[in-house]
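Both complexes shown next keep subunit A, but they swap its partner, so subunit B is in the first and subunit C is in the second.
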Partner chain A sequence: MKIMKKIIYILLPLLSVATIVLAWVLVAAPEESQMPGLAETGAKFIDVMTNKISGATLPIHILVSLRRVLMAVALAMVTGVVFGVLIGWSKLFKSLAYPIFEIIRPIPPIAWLPIIILSMGIGESPKIAIVFISAFMPIVINTFAGMRMIDPLLFDAAKTLGANKRQLFFNIAIPACTPAIVAGMKTSVSNGWMTVLAAEMIVARQGVGFLIVRGMQNGDPALIVVCMFAIGIVSALVSVGLTKIEGVLTKWKNA
Partner chain B sequence: MVILNNSELITVKKTELDRMKREAMKYTTISFVSIILFLVAWELLSRYGIIAENIFSRPSELFKTFIYKLSNKKPEGNTLVTHFFVSIRLALTGFAAAVIIGIPLGLFMGFFKAMRLYFMPIFEIIRPIPPIAWIPIIILLMGIGMAAKSFIIFVAAFVPCVINSYLGIQLTNPTLINVAKTFGASKWQIFTKVCIPASTQMVFAGVRVSLGSAWSALVAAELLASTSGLGYMIQMGRNFIRADIIIVGMLVIGASGALFASLLALAEKRIAPWRTK
Partner chain C sequence: MEKCVTRFSLKNISKIFFKKNEDAHVIEDISLDVYDNEFLVILGPGQCGKTTLLNIVADLLPKTKGEVIFNFEEDTDPGKLGFIFQRYALFPWKTVMQNVEMGLKLRGKNKKERRVKSQEYIDMVGLQGFEKSHPKQLSGGMKQRVGIARVFATDAHVILMDEPFGALDAQTRYQMQGELSNIWEHKKKTIVFVTNNIEEAIYLADRIILLSGAPSKVKAEYNIKLSRPRSLTNNDFLELRNTIAKNTDLVL
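This part shows the complex of A and B:
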């Protein structure tokens, strides 16, 4: 009985993957189906790895998208942390700037696309701007939350030991909210990755988002599926990488 | 050391409270002034041509456009109210389906090992693909009708519902389960009476995330393929180079998103009052 159970438990995950493959094959099977078959998708994959579409192979398209995310997130990190720390540290600054931030925050980053394209054209800057918006929000929110949730005991202890305001800020507040900032960075990278796809889908000549929409416009479903896989794999790799980085940056916390 | 008697202590507390109240008042005033200053500066800067008027329409203009669009179909073909209801209907259909299917699935996955083993790999494969990346294939397979768009929203909202419900069950305090076992609870009772209530907070957090993600997937879907809805309206605003329409649309999208989030928070308070502070 026990062995039976064990065998079933080993079989279930395999069955699960088999279900996906089977579902795919079934959807793709009818002659008139738009869904590409396994072989077709595989062939397409090799095709985009070697042949250029709009001047780039698939890896280059991915790198183009990643570069946009990276630049925008770097910019958002710097400005977002500064802004978040300021509203967390100074009540005056918070009451000045936070309400406006709160009005803007619920607007999904993607909804910024039309106005940004209208005002910035179709070059590289509108894509960076839109990714910046999506990456900026979580960093600010997390930094702010991190500042607010600092254990007051830490401040009291430092004050008792004669710390001045500057020391309280740099030696207590900033290190104490680092884990929150790093967590915000993780969210902002995955937000940024999602937003860059949306931006590229609407206006771009390179990048995976562009590629996937090219598949839609040309009625080339195999290209779409290849892109979906590529996007999924990159997302998974990015999130694993970020978790690693998070571990390194907040080592002292878990030690 | 100063020792205060009771009545003195109360007066100290009172003055302290007064001070805090006054402080709070002061900062609220600053906030109001800051918003008003922001709007006035925007208005003036655009009026005197320092920021481009055709890109950042002034607040007074936006207000006029908002009122106008409430009852006028020009230029893109529908009133703001129609766009709003089209979007809401789409979003709620996809979102409701995701909640109704996703939460029970996640709860079962968290509690029953067999369910977990079967469904987890499927999730691990699907989860990293951002909802937006599903749009092209869904449009190609299902067209651009209502069904396709609600399905996109469903995909966006489904994953956070499942994952959080699953985690909520998994993170149930083992002590609670052991206590229930000691008192002779059956497996099903443990599931329904201990694990599900204990996971409520996580479930609601998931629903919150999926609401946000549904709303933003909706905008994406409407930007890419639709003939009405708020996303369509702002996309058309871009085609007609009407920044006022875009910004009004953005504000309506933001405000509705915020409204739903607060309705959800209210629901959470009603359904699980024991967990919310």
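This part shows the complex of A and C:
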């Protein structure tokens, strides 16, 4: 019985994947279908892995997009954590800066794109700028929430152990809100990945977002599907990696 | 017993929490002296302001009226007060060793000195082998052992304990009381211990200050002359328990 159950639970996921593939094949089968078939997609994959489009193969396009995300996220991490910690720690700074943040926050990053292109042109920096906007917000929000949710008892404990104000900040506040900061970082990377694709679809000469639009413009659906797979797989890998990092940084939480 | 040296005094302490609808008078005009090396238990019904009083002594809460006067030779290092919390208040991101070291670290002691001293107190509370564990991996009783070691490692003159065993199960609680009594006899510190448990008070105290219900005032004082270690079923113990129980305000 037990072995039967085990086999069933191994088979069921395979079955569901097989269903999707079958559906794909069926949709792609008719002559007039726009959907590329399995073989066509596979061939296109090998093609973009070896032959350059706009001066780069698929892995290079992926790296170009990733590089934009990582640079923007790194910048957002530094500025966002500082900003979030400051509004969480200092009432004065919060009353000064938080209202501005709350006004700007609801504007979707993509809505910034025209004004950014107008003012920064179409080089690398406008893309990084827009990804930065999308990555900055969740880091600030999470850091701020993390600061506010610190158990006041921990501050009391540190005070009775002799901590001064500076020590309360560096020895208690910062480590106590690290899990919140890391959670914010995860959201910010996935936000950044979404935004970079959108930005590249509008203005770029390289990157996965550019590639997928090229597929649309050239009437090359196989290229679109290959890019979609690439985007999904990269997202999944990045998210796995971040969860690993989170596990290391907040080991004490799940110990 | 020589109890002539006063460690610190509370003079006419009052505390009012100012709230929207009505002001809550929590403590009303409490004055008392705490003597050197005594085990003082402040006993009172739930919600009577014992914890508030302790927080005022530790300067974690402002007082409405009155004064806390300390009688220390030097006001600086080592820290004059240590605090043990009912909810342990361990730093969850630090290991047992790092938690115990925290007071010394905050005072800028070097790593070697911290290690040696902390290990001594980790051993004292019987946590050897758990130095590298995080608080989340420990039981309630073990967490409070860390809390005790953390405070003793700072060499505080006075240790304030706010219902430190209140969250523990009965079995662990008895065991911890026994060990605390033992540690206190060896290390000789001034301990001010807050509890709502009469047996715990009699088991541990040299002297019990009984508080009334809110607003709390000093209602009675008992000097406990029973020899240590004390037995919970001893006749004198039970008699004392009855006396104090009759004198305690009931609070719902």
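As a convention for this text, the second predicted complex is superposed on the first by the 243 of 255 C-alpha atoms of A that agree within 3 Å, B and C clash if a C-alpha of one lies under 4 Å from a C-alpha of the other, contacts with A are read in each partner's own complex, and residues count from 1 in each chain.
Here is the rule we use: a residue touches a chain if its C-beta (ideal position, glycine included) is under 8 Å from a C-beta of that chain, and two chains touch if they have at least 3 such contacts.
Since the structure is predicted, the reported quantities are computational estimates derived from the model, not experimental observations.
Trainee: Given the touch rule stated above, what does A:178 touch, subunit B (first), subunit C (second), both, or neither?
Mentor: The second partner, subunit C, only.
Trainee: In the overlaid three-chain picture, which partner chain does A:99 touch, first (subunit B) or second (subunit C), both, or neither?
Mentor: first
Trainee: Can you tell me whether subunit B or subunit C touches more residues on subunit A?
Mentor: Answer, by number of touched residues of subunit A: B.
Trainee: Touch test for A:21: subunit B only (first), subunit C only (second), both, or neither?
Mentor: Neither partner.
Trainee: Taking the superposition on A as described, I'd like to know which of subunit B and subunit C A:46 touches: first, second, both or neither.
Mentor: In the superposed model, A:46 contacts neither subunit B nor subunit C.
Trainee: Which partner does A:9 contact after superposing on A: first (subunit B), second (subunit C), both, neither?
Mentor: first
Trainee: Considering only touches as defined above, state whether A:159 meets subunit B (first), subunit C (second), both or neither.
Mentor: second
Trainee: Residues of subunit B touching subunit A in their complex?
Mentor: Listed in rising order, the residues of subunit B that touch subunit A are 27-28, 30-31, 34-35, 38, 52, 55-56, 113-114, 117-122, 125-126, 128-137, 139-141, 212, 215-216, 219-220, 223-224, 231, 234-235, 237-238, 241, 243, 246-247, 249-251, 253-255, 257-258, 261.
Trainee: Within the complex, which stretch of subunit A touches subunit B?
Mentor: Contacts found on subunit A: 8-9, 12-13, 15-17, 19-20, 27, 34-35, 91-92, 94-100, 103-115, 117-119, 193-194, 197-198, 201-202, 212-213, 215-216, 219, 221, 224-225, 227-228, 231-233, 235-236, 239.
Trainee: Considering the complex alone, what residue numbers of subunit C touch subunit A?
Mentor: Touch residues, subunit C against subunit A: 55, 58-60, 79, 81-83, 85, 87, 89-94, 102-103, 105-107, 133-137, 150-151, 154, 160.
Trainee: Taking the complex as given, what residues does subunit A use to touch subunit C?
Mentor: Touch residues, subunit A against subunit C: 151, 153-154, 156-164, 167, 171-172, 175-176, 178, 251-255.
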